[in-house]
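The two complexes that follow have chain A in common; it is paired with chain B in the first and with chain C in the second.
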Partner chain A sequence: MDILITGLLLGGTYALIAMGLNLQYGMARIMNLANGEMLVAGGFAAFWFWTAGQLSPFLTVFLVFPVAFALNWLVYQVFLRPLVKRAKSRGQLEVDAILTTFGLSFVSVGLMLAFFGGDYFSYSYLSVPVHLFGSTWGANRVAAFGAAVVICGALWLWLSYSRAGMTIRAIAVAPDSARLVGIDVRKMAALAFALGGAVTASGGALISTFLTLDASTGVMFTLKALVIVIMGGVGEVRGTIVAALLLGLLETFVATVIDPGLTLAAAYLLFVVILLFRPQGLFGKRPT
Partner chain B sequence: MKRRTFAQLAAFALAAGLAGPAFAQDTLKVGAVAPKTGPLAGGANVSYWPNVKLWVEDVNARGGLSVGGKQMKLEVIEYDDQTNPGETIKAVQRLAEQDKADIILPPYSTGLNLASAPIYARYGIPMITSTATTDKAEELSKQFPNVFISLGGAQGIAKGVVEAMSQLKDKGEIGNKIAMVNVADAFGIELAGVAKPAFLAAGFQIVYETSYPLGSQDLSPVMKAAKAAAPDAFVAFSYPADTFALTEQAIVEDLQVGAFYTAVGTAFPGYGARFGAAINGVLGVGGVHADGEAFKAYAARHEAVTGAKPDYWASAMVYSTFQVLEQSIEAVGLDRAAITAHIKANSFDTVIGPLAFDANNNNPSFWTVGQWQGGVFKGVASTGREGAVPVEKKSAWK
Partner chain C sequence: MSLTATDWRNLSLSALALLAAACLPWVVGNYHLTIGVTIAMYAVLATSWALFSGPTHYISLATAAFFGVGAYVTGIGLQHLPYWVLLPLAGLIGAVMAALVGLATLRLSGVYFVIFTLGLAEFVRQIITWGQNVSGTKGLYVLTSITERDIYWQLLGLAALVWALGWLIGRSRLGFALRIIGDDETVAKHSGINTARAKILLFMVPGAVAAITGAVLAPRYVYIEPALAFTPMLSFQVVIMALLGGTGRLWGPLVGVIPFTFLWEAISISFPNQTTLLLGVAFLLIVYFLPRGFVGLIEDARRRMGSEGAR
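Our next item is the complex of A and B:
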């Protein structure tokens, strides 16, 4: 029971880290290597509002979300749209996007150093125990898990049942055909990218309540997100959620039953096994 | 906005260009290389960079360094090595060859100092390390006679922990059951390796022992398992991010121990700011003579100049080694070999007290354990420093 809940809580954290990248990579087709920096920026916003004005990170999210949305939309329009325009194939776009966003990640680290400084930013919020099923968990982790459920659930519902969501799925599946049925692919791709960035930044604000971040930690989260997105299947919201939970459960199981030193090894073993047997990811569709 | 910035830059460039040659002979170039990005940037930004700024400000405020009867102001050239040893080495080369820096400060962290020791040796630069912990001072100084070690080694640090715990045990304040964890990285592995036999020899029983990977996002399984083993004391040889995470988990799980020790990061002012009164009695690596006038004056200047508080371990040591360099240069000038010889031969008055090196270029007296007492992290164990306060039993988290 302990393992199950601890694992689910960690899985929720992972889902928050990976969901934004899934939108950006799966829907907008931009392999965004600067994703982790957006997460750290969101975390910093939460830190700043908490230390300066005692504003709860769970309220800061409502501020971080629109700001990050606007910022990512701008980034897409300025830096990434020219790439999309001139790319002749998906492969070319991928290479261009990786190079560009790799550069952007350095720029963002530099900007964050200039504005926030290089110190660790950490604060205590809701670090009180919650008693559930005869054991204790940090309230901030439980709350972040709840937020992850809300965010992921809302995204899944929106993508599955709303018109805009369906349009975004259409551009993810077949960008060329989508144009034929009157979808403004560029606009929707920009929207998906901005939404992904906003989700990532909100995730950052939420997980900063229990993780210690600094300006340079972004790349660690990008890597983790990448692993989860690929395991779950690119462009699959359900896949990302399942992969994140699976990873959380596995890491907790290994840490509790075998040895905490082996969590990383176990995570990458799972990654390799999934790639070997389902290269398209857990929920991904086989390329035709 | 943009135009104004440009205008300012242009004016600055012009002024520098005009003023440069006239004052060129009256300034000394000080080169500094350390992480501003990468995994160790957080630590370097607490303990290293502010001291470079403070030292240069302090020296310039006094009118500069007196070299050969002439007052020379300092001018800093900073490089970011991205926590990458290859970049550290390149930056040192660049400082020596292209920038022609008169003084080159040592880099940050054990790994980067050891990796760049050969290049400092090649140029004969006196390298008074202040953030490297190593037991290999003897071998190092044989190979690189210009390298000095000031922050101590794993032996001293681990023995300090055992000593502090033994004091509590002898007073009957804790039992003999210890839970010991470490980060699976050179620092944590080395310290755990030294501490384990020392704990056993001191009559402790290790009831839980494990390591966890660097960058672990969830340490609650570790804390739950440690708690289940019902220890009397908890010891973690940890890095800053996990120091914070373990402490938070201990509070959440309400780990009831009479002694709680975490390593790097415990001495950071941010640690005290984050956890407040809950961490009263927490032990950590490092410490300073926090009630001493020298440290208090230093801390006040540090905050005034850099806007941040110094940490209670390496910060003062970093500044002290700069003072050693400063006093040596004023005594013998800029000749690198002469500076090295002077440092070997003399004792220096610094903010951490007198600093002198033994035959192996090692500073034998350093702080090993500190404890948060009433909002200040005070040194409780050292290898011969003055001002240690008695170690106290950890009270309840709330």
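Our next item is the complex of A and C:
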């Protein structure tokens, strides 16, 4: 029971991070391997505002979101737009995007190392016990989960019911046909990419309330987010959420029962199983 | 297969160059021999990497995983088996691992493969660390009488093997099939090529070679532990060197390895804290300004000179 709830709490935050990557990969068609660094940057911002000004991480989110949005929009326009233009096929774009975002991820790790040093950073915020279902939980975990649910829910409603959300889903499904019905694919792709980065950075600010981060942990989160996105089905919102909760459960289970050092290995095994038996993802449609 | 005059000329030139390189330990001091070993190591890794990733455009980030496994084969096996058995054994294990990775991912699109290989080194590292925790050991001492010189010659021999293999594959049906896959995978499928099988077979080459390289280099480290043997930096450096040189030609990666090793040596001495940042910048520069590497530059220059000569 403890494992179940801890796992779900962790999975909720993972869902937020993976949702960010899904917007970037599923909708904007950019495999962004610098996604984890955006998360760490969000965490750094929360840490910095808390230690310097006692500003609650949950308020910092409101600051991190627009800043990360602008930053990712710029990254898309400056670095990725030329690649989209020059790519002859989707495969070519993927290779170029992977190499570029790798470069970007190294650059951002390097910058964060230069500014903040290589130490682990953590702070204690809301680390008071909460009683739920007969057990005790850290209030920060519960609050982060709540915030993640709110953001995920808002995002899902926006994608499903607003006009802009529908356009973004349209470019995810059929970028070529979307142009025929008058959608500015380039603009919407940039928007989706920026939004994805903003969501991930907010997830980072939330996750930093209960996890210890350092400048080079980004790639671990990128990997986990990728596993979640592929498990749920690329471009699928519901699938992402279910997959994130599953991964949260599995990780917590492995960490408590076997060894905390094996969490990534567990995620990886799950990935192998998915690739072997359902490569299109739990909720994905089989390519025709 | 018949060899043309140009083939014979290229082959004898390569053999001469290798012989010249083999004389290095008698000519230079210890410091330069160390750099020589580094260059030989990256030349082997980058060339074998490009054998697979060049024609198929599948970016493999698994070099560190194979390398680390190879190092552990030497580290553990040295107490039980004679040294000369270990290198082929490492190669075999590397090839089997590569085949398994290939079976899981190479039937799907390239992105899955990249992600999978990105995590592979970390996955193996976590498993080995866990195994050590359970068995209560920490690192491994690799104490041998193998000198830097022996390592250098072994690597040079391995490099010769990789080049010969690459040359043979390039002339074979498999090489031809891979070039078609790289151009257009759908066309390849429709012309009756078993694309997954071809890709898996070829991916076993860098897997085996990287594992053997790890096995050869283990004595150099003296003490190996998971964090050292599976350092992800290795995979990235191999990718960047191969891309810098250019993957279109067999000698391409070598053209990238030599300048990059010297550059990296200079960077690690002058800016030890900014290496990650500078590696990132190097990645970006190559993608935007040298998409085909030095090979592309050289070929463009040749073509220009050729067309001027014709006029």
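Here is the rule we go by: the second predicted complex is superposed on the first by the 273 of 288 C-alpha atoms of A that agree within 3 Å, B and C clash if a C-alpha of one lies under 4 Å from a C-alpha of the other, contacts with A are read in each partner's own complex, and residues count from 1 in each chain.
The working rule: contacts are C-beta pairs under 8 Å (C-beta built on N, C-alpha and C of every residue); 3 or more make two chains touch, one makes a residue touch a chain.
Just so you know, these numbers come straight off a predicted model, no measurement behind them.
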Next item on the list: Scan A:94 for contacts with chain B and chain C and give back first, second, both or neither.
Entry: second
Going by the contact rule set out at the top, does A:153 touch chain B (first), chain C (second), both, or neither? neither
Query: So, A:109: does it touch chain B (first), chain C (second), both, or neither?
result: both
Taking the superposition as given, does A:251 touch the first partner, chain B, the second, chain C, both, or neither?
first
After lining up the shared chain so the two structures overlap, which partner does A:120 touch, if you call chain B first and chain C second: first, second, both or neither? first
Regarding the shared-chain residue A:66, is it in contact with chain B (first), chain C (second), both, or neither? neither
Query raised in the report: Taking the superposition as given, does A:276 touch the first partner, chain B, the second, chain C, both, or neither?
Result: second
Margin query: If we overlay the two complexes on their shared chain A, which of chain B and chain C does A:264 touch? Say first, second, both or neither.
Written below: both
Chain B and chain C footprints on chain A meet at residues 109-110, 113, 216, 220, 259, 261, 264
The chain C residues in contact with chain A across the complex are 57, 59, 104-105, 107-112, 114-116, 118-119, 122-123, 126-127, 129-130, 133, 232, 236, 243, 273-284, 286-288, 291
So, in the complex, the side of chain A touching chain C is made of residues 31, 33, 79, 82-83, 91-92, 94-96, 98-100, 102-111, 113-114, 216, 219-220, 223, 226-227, 230, 258-259, 261-262, 264-265, 268, 271-272, 275-276, 279
In the complex, the residues of chain A that touch chain B are 2-3, 6, 9-10, 13-14, 109-110, 113, 117-124, 127-129, 135-139, 141, 210-212, 214-217, 220, 224, 248, 251-252, 255-256, 259-261, 263-264
Per the touch rule above, chain B residues touching chain A in the complex are 36-39, 41-42, 44-46, 49, 83, 181, 184, 210-213, 215-222, 224-225, 240-241, 244-245, 248-249, 251-254, 265, 268, 270, 274-276, 308
